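Inspection log for the structure reproduced underneath, given as structure tokens.
Every chain is named by a letter (A, B, C and D) in the order it is written, and numbering of its residues begins at 1.
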Amino acid sequence: MSVTELTLEQTQQMMLYVSQKMQESKDLLSHADQVIGDGDHGIGMARGFESVEEKLSHSSYLNCGELFKSVGMTLLSTIGGAAGAVFGSLFMGMGKGLSDAQVINETNLSVALQAGLELIQKRGGAKVGDKTMIDALSPAVDAASDGKDLSMGEFLDKISLAAEEGKEKTKDMVSKIGKSKTQGERSLGFPDPGAISVTLIFKFMHEYVRSIQ
Amino acid sequence: MSVTELTLEQTQQMMLYVSQKMQESKDLLSHADQVIGDGDHGIGMARGFESVEEKLSHSSYLNCGELFKSVGMTLLSTIGGAAGAVFGSLFMGMGKGLSDAQVINETNLSVALQAGLELIQKRGGAKVGDKTMIDALSPAVDAASDGKDLSMGEFLDKISLAAEEGKEKTKDMVSKIGKSKTQGERSLGFPDPGAISVTLIFKFMHEYVRSIQ
Amino acid sequence: MPVIKKVINDPKQVAKESLEGLVLAYHGKVRILEDCSSIVRTDLPQGKVGLLVGGGSGHEPLFAGFVGENLADGSVNGNVFAAPSPDKILCATQAIDQGKGVLYLYGNYAGDNMNFDIAAELAADLDIETRTVRIWDDVASAPPERIEDRRGIAGDLFVIKVAGAAAASVSTLDDLFRITTKARDYTRSIGVALSPGSIPETGEYTFELGPDEIEIGMGLHGEQGVSRGKLIPADELVDSMIDRILEDMPLEQNDKVCVLINNLGASTMMELLIVNRRVMQRFSDDGIKVHDTLIGSFCTSQEMAGFSISLLKLDDELEKYYDTPADSFALKTR
Amino acid sequence: MPVIKKVINDPKQVAKESLEGLVLAYHGKVRILEDCSSIVRTDLPQGKVGLLVGGGSGHEPLFAGFVGENLADGSVNGNVFAAPSPDKILCATQAIDQGKGVLYLYGNYAGDNMNFDIAAELAADLDIETRTVRIWDDVASAPPERIEDRRGIAGDLFVIKVAGAAAASVSTLDDLFRITTKARDYTRSIGVALSPGSIPETGEYTFELGPDEIEIGMGLHGEQGVSRGKLIPADELVDSMIDRILEDMPLEQNDKVCVLINNLGASTMMELLIVNRRVMQRFSDDGIKVHDTLIGSFCTSQEMAGFSISLLKLDDELEKYYDTPADSFALKTR
């Protein structure tokens, strides 16, 4: 049976699952950041999602907007660094986009992702091609807006794939923003750590949805 | 033909030879000092004997006393550290003992070595058994005073052997003086670097004498 | 790879515990703002214009070590190599503000920029005026035409010193902004690393260097420098570094500068002094006057061996502020 | 073994070039005595009792960094890890003496003792009065009944600080000797190393340590410590070090001490601050008052990672001298 929306309760469960899996991705992300950044991306993401897990385990929300805002605020105040601002903004923007929705679905998630992307770009000014998480997020946002009438599983699969492709492309980019930018050409050949995080977040969302189908 | 004394000229040549060979012993001595001291003994001895070589190449002396005093003063002012005071005193004491002698031989060398030993002990207060160069020098002084009517070659061979035996015994001693003393029991099993230097100095004197026989 | 040994308790608590240790070394001159990873002067003169500095931890004594008399009023300290979050910046801002507003002064990194900007918006919501000066002294990190892309390294110290003295005497935030901006614009640095640092929580070095390699244009974090080079004799290396700075900020005879030779961590004072010897020879040859020299570990990058050279060019106004006696944990001048 | 990289020119010239670099950083307050490896204050007050410090190089900023106002009048600096020779000590003595004599203050090592003693005899021949205080603060290096066998480590700084202030105000060498001896007797230290240092001329580490080993009772040179131990959490390690000092110099409630946490070289300020946190917790538990805290690289041993804790117990007289503002390259206090 294919799901076309997630309840508030399921959405909270999904974010709990994502939080756990992102903590498990700590070393992978730090190692990616060692190559072209300052080596702490996984530490920050793990710290942030540990707090999200803690927060979500003890809270209940009125709507999905509140839920995502809470995730965003928690990431913003516990990750710090570029990732804190960027991933905090992603979920805060999504929360704003979801507003008082009681469920998430293809339609409102597509709006939410767009709002998240915009907030990040307002904060950090990165464009596609600068070798940041934007390069994974932006194609995902595009993919989210053009598909129609997909199940949640199909929808998240599509987003994940788009993000994954975008992340792969960052290997061919010279970094223009963030700690890796001083390395210039030396950043070639390696994917952007934040882009990997975006890919993983969507992948884990997808995994959760598959698990309840 | 066996030599029973060295002229002033030969003595100066001998000390030049000793200076060259001691510089070549730099790493050996530093490594010995790495194990139980601060690792610089060879550096200091090489620096000192480089200056002695330089000095002796450009000086002439009225007598053997002056010659040895000059060696002692040069070592004292260029080695620094414990070795500077100790080996400087050794040669200054020998110079005092030799006084205005025009040659060195078994008799006056035996007096000179005794005088050198006394000056070192006055300065540093080390006794036999403290695991210092005294443990090589003191047996050599004893050996020097009891032998009679030996050629210079035989005499220096005997002294060298006594020093060598004394140096070997320092392996079984717990250091009581100098940088190695804080190591206590951990200094067991290793020879004292300064004792190695004493042994080498006599050995190189002996080598020189053999080369002119 | 060699094992990284550190005298710590819990790797996750290093930022917190070192801040506590620093406050205890100040003997009452600063206090911790609980849950805000921030410290503030206890003897904050009433009605002064505020100066808040901050950034990631792991660079000790930067930033917290420069909070004190005629220096910063407070610092907000993130986790190791991670900019502090907006809520903590806001918390420190509120503690410092005396109605005259607060200047945010920090190194120009994407993370710091975003977090301080968000905090500034939150402060505006509370009617606290803020202005921002980002330090971008590292000449290696971008060409002059993209100076705003450069990052802040040890030159931070010069800018904080001038800004701290100015903050103690000016009466408006705009004045402080103007003077601090000038100090920033008159500061240039360049760094090299001989060995990498590590992050306590990973316990791993952040990059690798060959036995005779150095990393040129090194920053203050694990991110690598701009290029690799060979380890050359000190005088040659210093010459190339000074050349690079002077290309960017030409100096003329009789110009006055302050010199900072900053230890990135594990270099020896012996090396820094040998570096200073060459720096002084160069400037004496060129007729440039060295007004003051600071040598030591001010802005570090964990156990990284390496150093940077920073210059602050003085005009009369900057000289006056630079010469104001300062007193903090990590910088005392008379 | 990893390659040791250093920013130097000629390994044989490191002591000379670093001394030159240091003098250039002082901007005229000290001068070099040519051919004597010594520096002397340029503003030596007329008729003062002299204070000469010295020892091997390689411990920068010790000793030369503590020459200045209300500190030492001069320092004589040997080669790396080698006591200076008598002729150089004599040369510095003559430059410092103002007819009131000169106190020799240095760490208690066979090499220093012999060389300074010979210099004292030479000085006596020139009718210059000298007296000697040997610093033996390292509690690990010999039991209390053989205190004269202990070596001098970072506690040097406390003794020099008190002696320098005293030398600026007393009128006889005997008074200076008495006060300095008291400062020495009230000072205790203990050190640990996490990794070895090296000597520039050999380019080799002076000993080896396993990945989880520390060297306990570490000195300031390549010579190893007293025993090996395991790397334990910071708080535990600090407790054991403090215990060891207090066994030797018991403190009672309301006793006043100054604390020095000295970086042997490559430890991070972050670690030292975490160490200080625990030191302060301990003393606050015991009701012991910490009058002042110094944390930094004062007495180093090349690139050795590790640190020492030193305590100076104060009485009214020592406190007065300790609190005298001091100004030198490496120590400025207000």
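Convention: contacts are C-beta pairs under 8 Å (C-beta built on N, C-alpha and C of every residue); 3 or more make two chains touch, one makes a residue touch a chain.
The shown structure was predicted, so the numbers you read here are calculated from the model rather than taken from an experiment.
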Indicate the lowest number of steps between subunit B and subunit D, counting one step per move to a touching chain.
1
Which chains make contact with subunit B and with subunit C at once?
D
Which chain's centre, taken as the mean of its Cα atoms, is farthest from the centre of subunit D?
A
If you average the CA atoms of subunit A and of subunit B, how far apart do the two points sit, in angstrom?
75
What is the distance in Å between the mean C-alpha positions of subunit A and subunit C?
32
From the mean C-alpha coordinate of subunit A to that of subunit D, what's the distance rounded to whole Å?
55
Chain centre separation in whole Å, for subunit D relative to subunit C (CA means)
29
Where does subunit B touch two or more other chains at once, residue-wise?
none
By the touch definition above, subunit C meets two or more other chains at residues none
Could you classify the connectivity of these chains, where an edge means two chains touch, as line, ring, star, complete or other?
line
In contact, pair by pair, are chains A-C, B-D, C-D
Using the touch rule from the top, collect the residues of subunit C that touch subunit A in their complex.
12, 56, 78-88, 109-111, 113-115, 117-118, 140-142, 149, 151, 199, 201-202, 204, 206-207, 217, 219, 221-226
Parts of subunit C lying in touch with subunit D, wherever the complex brings them together
2-3, 5-9, 14, 17-22, 24-25, 27, 57-58, 60-61, 65, 194-195, 200, 211-212, 214, 231, 233-235, 237, 265-278, 280, 290, 292-293, 295-297, 300, 302-303, 305, 307, 325, 327, 329, 332-334
Give every residue of subunit B touching subunit D within the complex, in rising order.
27, 30, 33-34, 36-40, 42-44, 47, 76-86, 123-124, 177-184, 186
